[in-house]
Structures are given as C-alpha cells and as structure tokens.
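Chain IDs A, B and C follow the sequence of writing; residue 1 opens each chain.
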Amino acid sequence: MKGSRGTRSTVALKILMALSGLAFIGFVLGHMYGNLKAFSGQAAFNEYAEHLRELGEPMLPHSGLLWILRVGLIVALVVHVVTALMLTRRAHAARTQKYAVKKNVASSISSRTMRWGGVTILVFLAWHLLNFTIGKINPATGDTGDAAGDPYSLLVDTFDLWWMTIIYLVAMVALGLHLHHGTWSSIQTLGFTSTAASRARAKAAGWIIAVVVAGGFSLVPLSVLLGIIEK
Amino acid sequence: MASTLDPSGTVATNTAATQTSDDAHGYYTPGEPLVDTNAPTGPIADRWTNRKMDNRLVNPSNRRKLDVIIVGTGLAGGAAAATLGEAGYNVKSFCYQDSPRRAHSIAAQGGINAAKNYKEDGDSTYRLFYDTVKGGDYRSRESNVYRLAEVSANIIDQCVAQGVPFAREYGGLLDNRSFGGVQVSRTFYARGQTGQQLLIGAYQALERQVAAGTVTTYTRHEMLELVMVDGKARGIIARDMVTGAIETHLADVVVLASGGYGNVFYLSTNAMGCNVTATWRAHRKGAYMANPCYTQIHPTCIPVSGDHQSKLTLMSEGLRNDGRIWVPKKKEDCDKDPRDIPEEDRDYYLERIYPSFGNLVPRDIASRQAKNMCDEGRGVGPVVGDFRRGVYLDFADAIKRLGKDGIEEKYDNLLDMYERITGENPYEVPMRIYPAVHYVMGGLWVDYNLESNLEGLFVTGEANFSDHGANRLGASALMQGLADGYFVLPNTIREYLADGPFEKVSEDHPAVVEARTSVEARIDKLMSIKGNRSADSYHKELGLIMWEYCGMERSEDGLRKAIDMIRELKADFWTNLKVLGTADSLNQSLEKAGRVADFIELGELMCIDALNRRESCGGHFRAESQTDEGEALRHDDEFAYVAAWEFGGEGGQPVLHKEDLIYTAIEMKQRSYK
Amino acid sequence: MNLTLNIWRQANATAQGAMHTYQLGDVSEDMSFLEMLDVLNEQLLAADEDPIAFDHDCREGICGSCDLMINGQAHGPEVTTTCQLHMRSFKDGDNITIEPWRADAFPVIKDLMVDRSAFDRIIQSGGFISANTGSAPEANAAPIQRDKALRAFNMATCIGCGACVAACPNGSASLFMGAKITQLGLLPQGQPERDSRVIGMVGQHDAEGFGGCTNIGECTAACPKEIPLDVISQLNKDLRTAIKNGH
C-alpha cells in the first residue's frame, strides 16, 4: 500500500506492547526480589522500602527516583493497555463469523489467555495498590491510611488472612501464565527468534521468568500464612 | 557440437513428404498447403537476432494506448503480461483460478533446461537445439527450436534476478542435473518444485505491474469466445465465474496462453481445471489446430485406485534412475504380496527387452511396455475396470546399495507423497506405477512470430504447437513457456502492434454482439437440456474412449471405432446433460459442462488426426507402423509435416492443411534404444 | 465406510449460510477428501440438489487452491493440503464438519469457497524483486551461500493457501507475509527493496482487515508447507529496521 506508515501498523503496535511488557518484567523481577527481604525480618524490609525512596539522593529529591520509576510504569501501563485494546479489537474484527468447530493444535493455554489474564492482572493491580501504597488498606484491622503501620506490618497483616492470600495466589497464576507467553512473545515480536534454536531459548526464558516471578512472589504470602514470617 | 550442417541455412537435408496412405479418407477435406510466411531465413544461429532487429518498434507513448488481452497466467501468459506491462502496454490478464499464482505451471516438478554449459560438459545452444529436435522425433520446426535453445540462458538470468531460489552447489553457484535421458547436465531445478518457483517469480513480476497500473487481472474469469472483427482478433467474451456475468473485453491484440488440453483423457496429471475451451473456441473461429493427436504419456505416475479417481499424480521420472521395473512372470502371482515373489518369477521387462537402456528407456517406450504388460494380464495392484493397472517400481536393490537414508535424501518428499496417496510404504513394499497423460505437444498453429493464422491472435506456451514436435523432452516445457513469455512474444508482437493503435471497436459492433449472444445462447442451451447425466460422467466416458483408442497405441480400427463412439457421446451430451442451479451465479457444474462439450469435439479431431498419421513417431505408436521387432517406425517420406486442421463448420469435415518440415541444420535419423 | 458430513452451505456472498447434514455411504479409504466430496456432489446432482462449491485445481498439494476447515483444523488432521488428505485418516461412522476459511478478509463466495484476493494485493504491495525483463545480469555472477539459498527455498514453498489465516485465532496473515519477506530478504537481489517491501506488505495486510499476530503459533501447525515461526520474527525485525530507517 503506497504511503503506508510502518509506525501505524499492527506490528508497530506489537513492538510497543513488547517493550512495555519487557519494562514490566524488569519491574516485577526487581519487586519480587525486594519482597523476599521480608524473610530478613521487619527491620530489613522496612529499611529496604525506605531505601527505595532515598535512591538517587541528593541529586534527586526524596522519592525522586521512585517517582521517575512510577511515571515510567504508568506510561508503560497506558501503552500496554491501549495497544492491547487496539490489537484485541482488530483481532475480533478480523473474524466476525466464528467456526462451528475449532481445534487448537499447537497453542499454549497461556497464549490463548493473554487478554483475560491481562485484565485479571489489571484488576489485581488496582486492589494491590489500594492495599499497599495508595490506600494502605489493612483488611485485617480495617485501618486505612498511615494508621496501617509500617509496610512490613501491613504485609504480614494482609497475608494472615487466608482469603487475601488466595487472591494474591490467583493473581500470581494469572501473572505466571501471562509471563510464560509474554516473555517469549516479546522476544519474537522484537525479531530475535529467527532460528529454531533461538525460538527454543526464548520459550525456555518464558518458563523461567514465569516460574521465578510467580513462584518468588508467592513465597511471601505463603510463608506468612504458614507462619514462617510473622511480626 | 557446434556444427550446423549448412552454415548459410539454405541447403535442405530432406525433401518434402508426400503422403501416400489415406486412412482418414472420408473424415476430412484436404486443404491448401500451409506456409509460414514469417519463417526466417539465413544462417540458423542468426535468425532470431535478425528477426528482433527487423521487427518494428512501438513508440513508448503509443504503448499506453495499445490494449493487450492475455488469457492465461501460467509461465507463458504470466511472464508475457509482466513483460508487456513493464514495456508500458495496457494489459488485461485472465485466468480461471482465484489467483494468477495457481496456474497449472505451478505443478511442474523436475526442472527447466538451459544451455548455460555451467558444467563444462559440452553443452551448447546447438546441442540443446539438436536434442530437442531429435527428442521431438523430427516433427518440429528447426528455426523455432533453435530460438528456444538460444534464449534459454537468458531465462535463468531473469529468474535468478527475480529471486527464484534454484538449487545451488556448496560454492554458491547454480546446480544442474541431467534429466530425461540426455547426456549433459543442463537442467536447473528447485528441489521437486521448479514450476512453482518459476511461476511465483513470474506471478510476482505480474503483481508488481498490477501495482504499477499497467496490468489489470481478471481472476475467476473464463474465456468463452474469441471476438473477430474485420478479420482481426479484437477481444474475448468471458464469464465472471462468481457473478455469472457475461463480459465483453476488447483490445488491439489477443494472446492465448491457456495451457494444454491433456484433460481430454479425463484422468491426467493436469490440474482439474485445465481445459481446451479458450483454444477450441478460437479454433471454431478459424484458428488452425496443429497436430492435435500428439500427446505425451508419462510412465511414472501413481496408478488408479478405483472409479472415484479424479486425477493422477506424477512421480518424478528421476525415480527410474534407481528403481527397477518389473511385473510377475505368472498371472497367478499378480495378487500376491510382491515381497513373496522370488527373483526368478519376476520379469524385469525393460531390462529384458532393452538391455542397453534398461529402465531408462524414453518415456513413450516405458509407458507403452507397461500398458502391454497390464493388457497381457500381468499388471499389479487393484483391479480397476476389468484388469490391474500397475507395474512395480522396486527400490529394494537401491536401498541395499545406497541405504534407506540415501534413498530418503534423494527422493524424500516423493516417497512420502506416495505413501500418503496409496497408504503403502515404498521403503518396504515396491511402489506401483502406471503411465498417465501428461502433456500435449499439439495446439493452435502459430508462425515463427507466434501469431496464429488469425491476424492479431497470438498463442504461447503449451497452448501452441510450436516447439516440441511429436514428443517433448523433460524440462523443456517450462523453458518454452518462459521463452515465449519473457523473450519471444514481447519481441514479435511489436511487429504487429507497430501498425496500431487500431481503430477502436465498439461493443455494439455486430461481430461483437454476435460473439456475445452466441455465448449466451450456448449457456442457455446447456442449462435447458435438463437431462439426467452429469457433465462429469460424460467426461469420464470420453476419457476412457480416448485412453483406449487414442492413447499410447493407436490402430486404424480402434480410431474409427472411437470416432463413432465420440459422435454418439456428443449427441447424448446435448440431449441428456443435467446442470442444476442458475447461469447468473457461481455454478461449477455449468463451467464443467462447457469444458466437456469442447473436449468432446476436440477428442473427435484428435482421433481423426491420429487416424490420418499412419506412422509411429514420438509418443505416438501406430500399430500399423512398426519394425519387425515391434518398435516404432516413422515415415518421414509421408509425414514430415505439421498437420494443421481448420474447423469445417458444425457437422462439417475438418480441413487438413500441411506445413512441410524442412531441415537445414540437422539430419533426420530413426531412433533406436535396443 | 459410512460418514455423516456437516457442511456449511451458503448460496452467495450476501446470503445467510447454515450447516447442513449429509449421509454418505461406501466411502473408500483410497479416496482423497475431495474425491469423497465429488462423490457426494454426484449424489446431490442426482437428487436435484445443488452441488457443493469448493475450490480446488491441481489436487497435488501445490497450487494452494483447496482450502477446507475439517473438524476445526485447517486442511484437516494431517500436515498436508485438503486435496492430499485421504479418507484413510478417517474411520467408519465418523462425523465430519466442513467449513470455509473464516476471516473477514476472506469473504465467502459460495458454500466452502472464499475470496483470497487479499493475498494478491499483499504481494502487489511489495512481495517482489523489481527486475525488468532482459536487464538481468549473468545468473552466476553473484554466488549465494548454499545454506541461505536453501533457507530461501524453504520459505518460498508457501502455496498461498491461507490455512495460516484460517487457523490463527486473530485471523492474522503474518506467516504468509513473513515467508515472502524472509525469502526475498535472504537474497542479495532482495536488499534494495527490503524496507519498502515490509512496510508496504504490512500496511496492506492491515488495510485488508487481517488481525495482528500475538505469536500463538496455530498458523505454523496448520501450514501444509511447514513454514516455521521464524519468518514472523524476521518480519517483525525487518519492520523494526524499516522504522529505524525512517519509514
């Protein structure tokens, strides 16, 4: 098509999606590592949370780097969700008449659940932020705001509730699935998998990231519930 | 081999034939001799160069005003449309498939010949020319064949430039193989998919011109009539196969590149849609049909498995390099597991009859002997009709010699394909093969410029008769298609178009209206018979008649019988045909009916042509013309001519025009493979 | 064997279609799938019912005409084309559902026949090498590494059947496009137009209404020519490079 622009194509949308997705992967890896500090006890964990806010000082104001990170994440989130919506709309429009019978032969469950998985993560995220940062809602005590105490206490209080742990674990399943396909998919989207071997490596990376991230995150809530971590 | 017998190209090596037999007496009317008034003269090696120079040029600003219709998007039509589009003509390209890329050329497997001499094994333009004329059993025109050999090298350059992925050697240079029994390696190939790769190259060039606005494609359009105005071809009537609309397309010149008519036999290796309609309609409008009975039958096809069979699949001829062909010596053994038949009870009949060539005898001999074995009752495989139609092609020895891996590497996807179709594993059970109709050398008569006897009607590729004589060498049909399409037609059509632009013809010109109404009337007729037999059932019946009597072996009695049977079939067709649905929508039964109607008429002409030609030549064996040892016997003194048939009117007799074949650069020899 | 066939019937592009059920007896396992439909069509004709329209031509697995969705799989249960699928892949008493390719970019023409001209238009938008007839250099002037040539060949075996689109949950034609882009991109001749090719083809692909690829991988599993997913990666990479180069 004459005059068509590469930057407006579905492939370009996908590239944006992959880049924002990769940014998320970087974030969740770091965040998961941070969470594991919970095993080192209340002081270490809270110090770490505080340390996050001091990063970059004195060049940057207090919480400066954190805010840069937050803005980056918000931008990535907007990009990721908007491109997800656009691609989903296109895909639905590409086949309005469905098959009476359709078999899936080669695709993984994770690849077919990306859209619902994404929505699940989004809903989770909203609650999670209310829970831990914006609202600091402590479902155990019903306290909100600063009254909820330090981050460590909030964390332990939250996961002392079995149903909160379940919510988090379900979210981690969704995240693991999303990452299983998303990791390999983003590498393919960026064009680094043009041989069978590199494709196999990208798929392996998908497994590793999914297990490490979902597993790593799940350790803390489980440990709290089982009493390994306590106040 | 550089020798040309007479460098000046004037001293003939043979004298014109005089026919003394007249087997077809009563079936045809003798006509005036035919002369190619555009035939070039002079030293054979200079003829094409001179012709290109002599042909007039068309001013680039005029080209846009010249409309060219090309029917067919195979190698011949697709390449021509792309090239003429590039040159700036206004091209309309037609095909019956849903995309130009699906033309039947896509199915060619083996390769394409070109005199590049990359192997330094003594190949040259002259040798390719010589092999092609000899392979055609001295029934082709030497000037045409020489030109074909000459432009062959350019074809490879052109295709490589387009990105056609030919096989390469480790050094990165193009690879060649030897093919079809010739002694040099001049066949370029792309695994077993050469036709596909060449056609996709031409198709992409064509689509590029569509984007550039010089070519318009009309897919799912079937040409149903030629429009002749004031003695010139000025357009076609086509049916839009989706809407059923009958459309008139007018132009300054019409090119038919509509492929071969092997499907007249019903079962053949051709695609299901291959048909004679485009050329037959032109024939009925006055274009001569040349050598219609010249058919090539390929020995290595997968045999028929039952009455449901719709087409036959070719297995590459290359298999005969390693496989040994045999049938049981005793009829009783024919339904046994071949592995249980001991060596001494097997008849390796080709090795027995032709000890020096063995399994590598030419296609026609291998085919005829296979049919002989089955006719004797020693065929193998399922009983179809009343006998078994198959012989074994056994890889057991080759597997011992090369190992299973060796065979797999060499023939991989072929053997897989065989297993998929037959359900038998060829590594364990000998393969079964049987001959099948594969290619037709006959077609519309054209002169050296590829123009038919109708002014402004050009014919290229398998649709014309020009380059292969009575038999075609392996890998040279692709060569001819692309030679015609890329290099020959674009140069010769100039001479015709230089007189243009011609006066515009209006759609209400009486001749145009007549053509259109005749198409509509014929469709109405087909729809209104409302009998009780499907077009397919007529096609099957015609095929059986043609295979039995006008196939590999033909006899006077058989052909007479066949003509009677075909005439009866035709009468029955027009009273008992059943077509459902409507004409103004997509209707595959209607499409089929129109094609079968034309095949029936063609079949009759093929039998008359075969009856007249009381000689065995090329792929065609006449029972009455054999040596004492039962081998084919040619009669140059009677038949060294092109038989060009003129339509004799509905119910009338065809008129035979003979064009003498005179050679200056080659001497005729009888072939022998004993 | 005896079969129950559920077949999509639709009179024309605008008509409402529906599944119809037919019984077919005496099917031989040596028949190809299309020959089985031929037999059904002869039966329908005899019973004054309109035969079922479906596309086919070579019946050798190479022209790419045939295109049936059989029991939810493009070209049926084997890795091959519909015309090369034989009835021995089924058994007596089977229920077989036959549908046309479903994609809005491939509108149904009649029954099981769809319009795939969108593929031609994608090729028109850049799927070629501009080499005017007669201007070609000597074929052996530029040697091409054998493994590259082989790989280019493998990608060039695409028959344009559209099974990839039919199988893809997003209705994407990325595998088809990627095969062509990869083939031409591997060859020195293909370099000058490399950027414009991918931009043009992807642009047309989107304009035709195919969906975007989310790397699901159903396409390659359905592809009768086993075009690998590599080509989609290559397509993405070429597009990225083209954007970087200012397209």
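By definition in this document, contacts are C-beta pairs under 8 Å (C-beta built on N, C-alpha and C of every residue); 3 or more make two chains touch, one makes a residue touch a chain.
All values reported here derive from a predicted model rather than from experimental measurement.
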> For the protein chains shown, what form does their contact graph take: line, ring, star, complete or other?
Replying inline: line
>> I'd like the most central chain, judged by C-alpha centroids against the all-protein C-alpha centroid.
In response: C
> Centre to centre, by mean C-alpha position, how many angstrom separate chain A and chain C?
Replying inline: 37
>> Based only on mean CA positions, could you tell me how far chain B sits from chain C in angstrom?
In response: 28
> Whole-Å distance, chain A centre to chain B centre, using C-alpha means?
Replying inline: 64
>> Quick check on chain C: which residues sit in contact with 2+ other chains?
In response: 125
> Which residues of chain A touch chain C in their complex?
Replying inline: 1-2, 4-15, 87, 90-91, 93-108, 111-112, 114, 181, 184-185, 188-196, 199
> Where on chain C is chain B touching in the complex?
Replying inline: 11-12, 28-32, 34-36, 38-39, 42, 45-46, 48-51, 53, 55-65, 78, 80, 84, 86, 88, 109-110, 113, 115-117, 119-120, 123-125, 127-140, 143-146, 149-150, 152-153, 156-157, 159-160, 183-184, 187, 189-190
> Can you list the chain C residues touching chain A in their complex?
Replying inline: 6, 8, 19, 69, 71-73, 97, 99, 102-105, 125, 167, 169-172, 182, 198-200, 202-207, 209-218, 220-222, 228-240, 242-243, 247
> Along chain B, where are the residues that touch chain C in the complex?
Replying inline: 79, 82-83, 86, 97-102, 104, 106-107, 116, 118, 154, 156-163, 165-174, 190-191, 193, 196-197, 200, 203-205, 207-208, 210-211, 217, 219, 242, 271-273, 305-306, 308-311, 313-314, 417, 420-423, 486-487, 490, 532, 534, 536-537, 578, 580-581, 585-586, 588-589
